[in-house]
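Naming follows writing order (A, B and C), and every chain is counted from residue 1.
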Amino acid sequence: MPETAITVPGNEFERWRRGGAATAGLYVSFARLAFLKFLAYRLRYYTGVVSYTVFVAGNYYLFTALFASRPAGEELIGGLTLAQMISYVILSWVGRSFTFNNIDRTLAQQVVQGEIALQLIKPFHVQTVMLSEALGEALFRLLMFTAPILLVVVPLFGLSSPPDPALYGWTVLSFALAFLVNAQLNFLVGCLAFYLKNIIGVIRAKMVIMEFLTGVLVPFTFFPAWFQSAMEWLPFQAISYVPVTVYLGLRTGHDLIISLIVQAAWALGLFVLGRLLWSVSVKHVTLQGG
Amino acid sequence: MHDRSGDNILPRRDTSWGRRLREPRRQGAIIAAYFAQFLKSRMSYRVDFVIDLTANLFSLGVQLTVLTVLFGKIDALRGWSYEQVLFIYGFSLLPLGLFNLVGVNLYNFSEQYIIEGNFDRVLLRPVNSLAQVMFSSFGINGLNELVLGSAVMIYAGGRYGLSFSAVDIMLLPVFAVSAALIFAGVFLGLTSVSFWFEDRMGLAPPVYNVIRFSRYPLTIFHPLVRALLTFVLPFAWVAFYPAAWFIGGEEFRLLALLTPLVGILTFTLAYVVWTRGSRRYTSTGS
Amino acid sequence: MEPLIRVENLCKDYQVTRRREGVWGGVVDLVKPRREILRAVDDVSFEIPAGEMVGYIGANGAGKSTTIKMLTGILTPTSGHVSVGGLVPWRDRTHYTRHIGAVFGQRTQLWWDLAVIESFHLLRKIYEVEEGAYRKQLDLFRELLGLDEFLHQPVRKLSLGQRMRCDLAAALLHGPRLLFLDEPTIGLDVVAKESVRVFLREIRDQLGVTVLLTTHDLGDIQQLCRRIVIIDHGKVIFDGEIDELRSRVGDRIKLTIELREAATSASLADVTGTMPVIWRAGDGLVHEVEFSRRDVRSAEVIRAVVNDRPVHDLRIEEQDIEEIVRGIYRRGDAKATDAADEGQEAGDA
């Protein structure tokens, strides 16, 4: 009889395994809940639109003044025309309004407050849940932030069209990949909370550095060549600089395809790294007892 | 044993002059005590302390890098030289540093005090509620900004060939404190909004984001933007106008002198909103 | 004599936003939120003389905490009047709070990261307690509450019971004349509960502090208070002594009788004859009879039985106060206990 006592639960576990469709459904419902959660914060949504308009406007005036002050006879600054520069400003900030998320903060809070233990005993992978929620947030942002911001900012400051209409499609794809890379990076940062009790400072530092290293603040073409080639080796440019320059037509043909593949590779690579860091961190937590 | 006579009356507020004169000292002592306790509790998280400071230095470093890279492409920004812009930037860190020292709590007020209901505890104590909120923790990063801002100002001023008169030296701290009052006033006003709208962050983030642009010479902006920053959201007075006293032309001197007035006005107005708002405080639960 | 606390026609409204369901509902909420007014405290009036310890009870959401928060100056009422020792709590807040102490069981008043003693030092400064008086109070509480073992630990490391003891001490360090307690025994185990009760009795008797106490544990009330105020859906439905409450709601008595010889309950019913009593248990030696003190005296019932049958043992049980209160909560508005109507007709229709 002891044998059955062991095999029966085994069968029970077997039955517990979800089908692929059910699994997808589960994570879709997480994404949907994230979407709803963001809808609940009304004021934040209104002010978010204002926030991004401020970013674009401020940078618009700054770079317009910069171009107005350029040495006589020079057309370009950092290899860009004024029209390109303005498009750069608009797209990098509007793009950020879509790719940005707080899963690092959310994860860190759950770890610090111990709620993560409740997640660990449930039948799903926390990393996938966090990414589904980020996706829900991104969809919310696309509809509620990015679209209204575009509607406000484009008529105000003027976004020039890309040199080739096909680039619209490539840009969308590139921004989708940018979202994935950013989400994976945020997950990695959130995991640091397993090791540092209060990681708000780390997250703040990350935000500052990211703004700079993703190219949102200033295009890399403004910098010396060594800086630009250094950036080629880091994942950050995949989050903003790459999609924006795709739109501006600075990456064509072979270059364009390579850029997108590199973006996708970063997304995948960081995802795997996230899985690894997660399992190491969870072991850390079970050994330390939280 | 226990004297019950007159138990039905609590003593009135002591409005004698002796008491009134002692009051600021008492409040000062309490703030000092709060500060000491803050340091003690903060020291139990020493690693974060270092991380916070580093994060802050990073952010300052990035801003300086951006400024330097931009000026690598031009000689002057609409007539403003690198040194002038750097000076304004350096100055802007002084009020921001002062504000960050005591203002971090305004930024998190809605979340920490209203949603989590900690405002109950504040209201139970015989100390001004705003003072309690502002001094319950301190943004030590502010010190960073004060030191770095001063260094940038001295460096830029030196390169610009600036000489400070006695009046200038007296005005500098006055301007810095007044500008800090503007920050405090603006964020206090925005924070008070959370008594009406229970939302985590409210209006503070977009306004905070304006700060980074108020550090440039305002003449680079559209006149409408400049007017907005002068009359509606008075961030023109947190950096550009007061700094222009030292490095700008005659045209800014009167505007610069208005800084203390704007500071006091902004803060007073915000304090009124705060007082009205705290009467609407609903606490949590039933 | 003028009461220490006087509450007149006190009301508090909350505005609540009702969220719609689903994604589309969320979008609609963005544009047009659905707001409703909820009256949490509805025309509450009562008085408390100095030195009394009064229990303020009611079901969840009945308005207990809201009342306490208005009495402590945290909330401003929508309408009505409160006067405590001649002060208006929310108007005279910074001055008034020097004379009161408050403990909210759900949330500590202490500084989370600091050692308990550090919090006490800080409170001493805040309330301007003189060194001598502070020492005296602290020594008293250390003894009564046994604080010594964890006085130097950070608050976040304390157990709930330890934290509550520290919170009680913190609320009384400045020697307040009034103490407001909002569920001081919530979540505590039996031993911790008992030590809180013993302490409260001590300070009532030794320091003469006036106490208003909300609780879900009627054991607290029975051991500490003679008077209770019951609130339901924001309205006061009973205000009086516990004994009075008992008599108003019928005051059921259960008499257990052990006979020397077996008998049927029908035969016993004949013994009590026309008395309005109900015989419960069936045949045998042990029988139960229930009746209301209002209708018949226990002595009469007992006499009737003893005169007729050989009785081995008798036990009288009064209905538990908890059962009484539960009955009131269930009935909702306790117009059943007409006490609530007294002097309150002037309110809304």
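To be clear about the criterion, a contact is a pair of C-beta atoms (placed from the backbone, for glycine too) under 8 Å apart; a residue touches a chain by one contact, two chains touch by 3 or more.
None of the values given here were measured: they were computed from a predicted structure.
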item: Chains in simultaneous contact with subunit A and subunit C; value: B
item: Most central chain, judged by mean C-alpha position against the global CA mean; value: B
item: Centre-of-Cα separation between subunit C and subunit A, whole angstrom; value: 53
item: Where subunit B and subunit C are represented by their mean Cα positions, the distance between them in whole Å; value: 45
item: Mean-CA-position distance for subunit B and subunit A (Å); value: 31
item: Junction residues of subunit B - those touching two or more other chains; value: none
item: In subunit A, residues with contacts to at least two other chains; value: 42
item: Set of subunit C residues in contact with two or more other chains; value: none
item: Of subunit A, residues touching subunit B in the complex; value: 41-44, 47-48, 50-51, 54-55, 57-58, 61-62, 64-66, 68-71, 77-78, 196-202, 204-205, 208-209, 211-212, 217-218, 222-223
item: Interface residues, subunit A side, partner subunit C - complex; value: 32, 35-36, 39-40, 42, 45
item: In the complex with subunit A, residue positions of subunit B that touch it; value: 45, 47-48, 51-52, 54-55, 58-59, 62, 65-66, 69-70, 72-79, 197, 199-203, 205-206, 209-210, 212-213, 216, 220-222, 225
item: For the subunit B and subunit C complex, residues of the former touching the latter; value: 2, 4, 7-13, 26, 29-30, 33-34, 37, 40-41, 44, 117-121, 123-129, 279-283, 285-286
item: Contacting residues of subunit C [partner subunit B, same complex]; value: 1-4, 14, 40, 49-51, 60-66, 69, 72-76, 84-87, 90, 92-100, 102, 104, 106-107, 109, 111-114, 118, 121-122, 125-128, 154, 177, 207-208, 210
